[in-house]
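Down below are the structures I want you to see.
In the two complexes that follow, subunit A is the common piece, with subunit B as its partner first and subunit C second.
What follows is the complex of A and B.
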């Protein structure tokens, strides 16, 4: 399938190695003007690396890159920006200690002079208002004080701001992973409007529905190569998954919790959100998967953390009757230990059982790490490599392994599937169900309706309180969104 | 809502609104200063006067300058363990060469600032831990100071003595000087557009680099600023003590670090506050000797008591910020 519009960016035979690991093995990719290109593939397929090459933050070992028909010499992030290539990376690239306006200024060298603060503030707010109406962010807010979803909104909006440099191509690497359904839809709608104005996009997402619905053309990557490249209309979900090299999308809707009545098994968690007025509390029993839903940042994470600390010391608001492990969602802030190896990162929750005398037994630690590497397929040749050598999704898998490999009877999950590919997700769903049947309890905060369907029971949050209490049969996207907004509109 | 109301709301959205947690965080250093002042006024009401402040805060000016110097490196996630020895060396240069051969003295002081910028470049390019490099430099500065002035002596230049004994009407000189220092550092680091880049390099260096800024330049500028304020601190110190000693600034390394932390700064993440740092330095200067003297603590015990005060004040700050975070 050829694209008739002129080529904006062309990558030819890009190769990239990290030590012995081949990340990219000769990738060709072209994006036309005013085209939205969807890029899908497994964790570690090379999507992010390819985008780093395109954005100038990594250099290719071999291959050529042309922008507007020219091959820029000494390609760097600065030159990429001058040529109009913007990138919203998967790892947030805002400075947490600066305000929203100051972060905008960092992005625009031309924002100087006496009034730069106000200029930068107006610039970013204009875009935030256009993309995410009702975002509730002020230009003087410190980024560290914003919830992860709002940080993502700022990051996305910043990529759209224009001063003296043109905006031609915007790379969105998992932009919706930290956004709730409502804001994700706002972003996708805005993206289509911008495409109509002639801006090109490369859109990376593991939510195949988003890609199929909003992209003009889809490229599938596998093991550092492109394996499919065609018009979006020629794909459907199953074809995409097949091209990514996955097991068939097996009966996604099946739930193993058929016919189990609530409350038969012993109580594990009983908790009340701090801002809850009237009745309403979260209850979880042994072997249940409990979903926490609602818009991002409405008190779900807070409650999970309250439950977590209640397991350590008595708390009036929460009652917890077994040991707890947490799978962090904001993996950079409170997930990985960046200086440690993969094995150490997995083993840290299970140190008592890894002990030999007073010391940690490296043999047992390795055994645990290798077991989980094989079980959930963490893509690494050696578990002794630094955790940061893994791609984002694989780091998240290691965090899963940390919790599931521990002795905790209750696992709290704070939107843990950010940036995890479809195949892995399905495997993890099965794993969670299996573990739940074996008597573990899961409390699962997620922004994706597909994941809520895996739960036995769902609580919807709004403004820090539980506003709806749905059984698994009642969970639909509409219903969740309806409850999330009920009184607000 | 009236048109002006809408406009006002827009302005507050762009330029800032009274965000309570941030305001509280900013007010914490002032609170600890107020506590120390309260204790002093309770123990000795006569100290709260023009003359009393001039006397008590005399040594606060060089401490405040050294604290600001330290703050610049901390803003870039580094630490300067040589600032005390450096202030001592600057003091020796001031009391000797700067008075006898002003041109040579000025050149040496400018060279010191260039050396600091070079240290920043070295630390960035070779990816060295700043603690190691500056610890090494502290011995270099100290050695040079001893070579220059083997035994205490020298004399401050007349213009410096005149500056430091300036008596402005109404407001005591140290308070005026502290306000000027705080304002200067605040505008430079917090309000200018390049200041945002400097702080950003401490918050998320990768992001700053990706946006096309030179991290080498940022690091060099931060270290050069430390050099500038270190030189100013040495000058101010000699202006007060009138003569120099190679060991005169040794206590400043830890005092300056404590001042930055007391003022609301953090060791990593580019979170610093110039105004808080100056207030922190004033608090330390007051809590050091005046408060202890008024409490009739014998000089033998004052150093230990000083350390204890420091722990109490810093612990209070941590407790208050944790309370605030929980709310």
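What follows is the complex of A and C.
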């Protein structure tokens, strides 16, 4: 990239307020043709809001936007699409009741005629095959039946499909947070090839390694402003973290539970995946952090849900000896109550203990919410605000608070760190370790190797069954990926 | 001061009271002030019956899209007959009769949810088909006879203190309790959570089936007690006594500011809406319009109130 590369998109002095909250305070941003721009910052720094302005789904209070040197009048998602701006947002935008092909047709009105379904199916499968070889998705699958990782793959592939409109800029807002390491690599590789073909990208991720490796230029946002903007080569991990405003720079050493031998403490969970043949079963004891690994959608979430319902009523597949709480990863479908305040969303799992006499005490509810707001830094001036006033990562923190603030002795986590920033992640790791030392048991499904390293013991899943059983010393990315692909032994 | 007023107008239920006040003033203006107090007393007396079933319907509708109890009219009819038969015109058996009406309503509510849960029928169909069955039972059980209430019970439902029906006072206390139950008990919070996202509610540890069962049972029970009270107030039970409460129970919930999409309910609004509906009829009657025009106007005015309430909400 040279300095003279023509600017495709230019944002100047963008400001945006939500009520009293300033989301963007005068942001300048430019993307050149065939450039991959990495955008990083903490939860609530304004990244997603800025992208909504660029995509036309939100209008700026002040500031200007130019695309290809012109300022489009009455900018809207429709105009953005015509000009070639495509986006893949954190909150997935596919219609759950339609098939993959039908969702593609919704995006491309020019697919007409009797066989539009077949045309749309071919279009999307072509892209899926190109980006995610071996994706296992069929064009006639209903979106609601796809696991969140596959939904994310369809969403990404759809952004790349082209019919009568050009594709110039693709915004990827944390596309890898719902993908496992393998598919994330496929996507990043494809992104670089597309950059070579002249398509521009804005790539948002909390995984700084991805951004450093795959972007040409990196912009750091903090508190609704850009605080750094330079070539990717001039950054390293520590500089990025420092620019984002973190006190803590280094990822702490893992502190796995080395002092205690496995199986010394009482049994908490014993469960067998439904499609398990042979002897494999998942076992968790009090005070352990158990990782569930493998490619996304290979039965990890399913087993967590089975354990959850076994705790509610007897189930032959799983033995659970204590109360259970779940931290949802798919927060829209499984977690957030959209009409409620942050405090109500946090308190819902702890209602019996919030009572004073017969009635729920608002004072206790607020106390619980404020305690956790401060403990894991949910960015809000007031816990009585609606939960949707929070950014995606902060909503996820509220769901964490819901489970950790409850009386549950076992916490099930369904890839819960989607959209959570680096600083918070490290804090949550510590918090989980602390709670485990105090006797809580964690079952942690995650697609990130860093998180598996926090676990005392890891089970790798493939096709709905446990195929490997690793102790904390054995966990490496290679080992996990190897087991994910190896034939079941 | 201005802020308080602004907040008051931002709450959706205020519009139902504004509407009730407006139609009352219009009627009073037309009669030249004659019968203003009597109109209010009559409106309070009649609104009670709508509010009682409205509370049940509100909890059911708050469970989320598709949840509605269409068996209330048949339920009211059967419970009124059961109550009057058990009381058998004897003042000493009033409590027994009320208990029978409650049990009858509870059984109907439980049967409704059994249909929904065991056969996985949508609530609209389940409660509607249940209502046909209940109606048939009522017809064969009551044989179309009008059964008189005991004099003590009939008098009780008509007592007024300073022009305020005692039943209305009791119902106000009951709705205060319902409001607390909705916002401050585990049951109420569970209903609100299920209405927003049933899957998330289950994963947050809420016993979804139990709560839904309790909600339909509650709605049935309230229908039962309403049937007994109506039979006392109108001095006799009959099969058709609950007919108007099919639409009325749903209308007061919606006008009162409860979301039909579920997850958001409003108790004070039920009172405003019930008074509004009753006073609207009174007003149109004093104007002397024909039955056809009355229906058209009722429909139009309800639409107007809902639009006003919805607009206020959107502007927030």
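Quick notes
Please note the rule applied: the second predicted complex is superposed on the first by the 482 of 489 C-alpha atoms of A that agree within 3 Å, B and C clash if a C-alpha of one lies under 4 Å from a C-alpha of the other, contacts with A are read in each partner's own complex, and residues count from 1 in each chain.
As a convention for this text, contacts are C-beta pairs under 8 Å (C-beta built on N, C-alpha and C of every residue); 3 or more make two chains touch, one makes a residue touch a chain.
In this text the structure is predicted, and so the values were computed from the model without any measurement.
With the two structures aligned on subunit A, subunit B clashes with subunit C.
The larger set of touched subunit A residues comes from B, when the choice is between subunit B and subunit C. Within the superposed three-chain model, A:71 lies out of touch with both subunit B and subunit C [touch as defined at top].
Of the two partner chains placed by the overlay, only subunit B lies in contact with A:98; subunit C stays clear of it. Of the two partner chains placed by the overlay, only subunit B lies in contact with A:57; subunit C stays clear of it. Applying the stated contact rule after C-alpha superposition, one finds that A:142 touches subunit B and leaves subunit C untouched. When the shared chain is aligned, subunit B comes close enough to touch A:111, but subunit C does not. Using the contact criterion defined above for the overlaid structures, shared-chain residue A:333 touches subunit C, although it does not reach subunit B. In the superposition on chain A, no contact is made by A:162 with either subunit B or subunit C. Of all residues in subunit A, only 55, 57, 76-78, 81, 89, 93-98, 101-103, 105-107, 109, 111-113, 116-118, 121-122, 125, 138-142, 145 touch subunit B in the complex they form. Listing the residues of subunit A that touch subunit C in their complex gives 308, 312, 324-326, 328, 333-340, 344, 348-349, 351-352, 355, 358-360, 362, 402, 406, 408.
Those residues of subunit C that touch subunit A in the shared complex are 180, 183-186, 189-190, 192-193, 196-197, 199-201, 203-207, 259, 263-264. The residues of subunit B lying in touch with subunit A in their complex are 12-17, 19, 21-22, 191, 193, 196-197, 199-200, 202-204, 206-213, 269-271.
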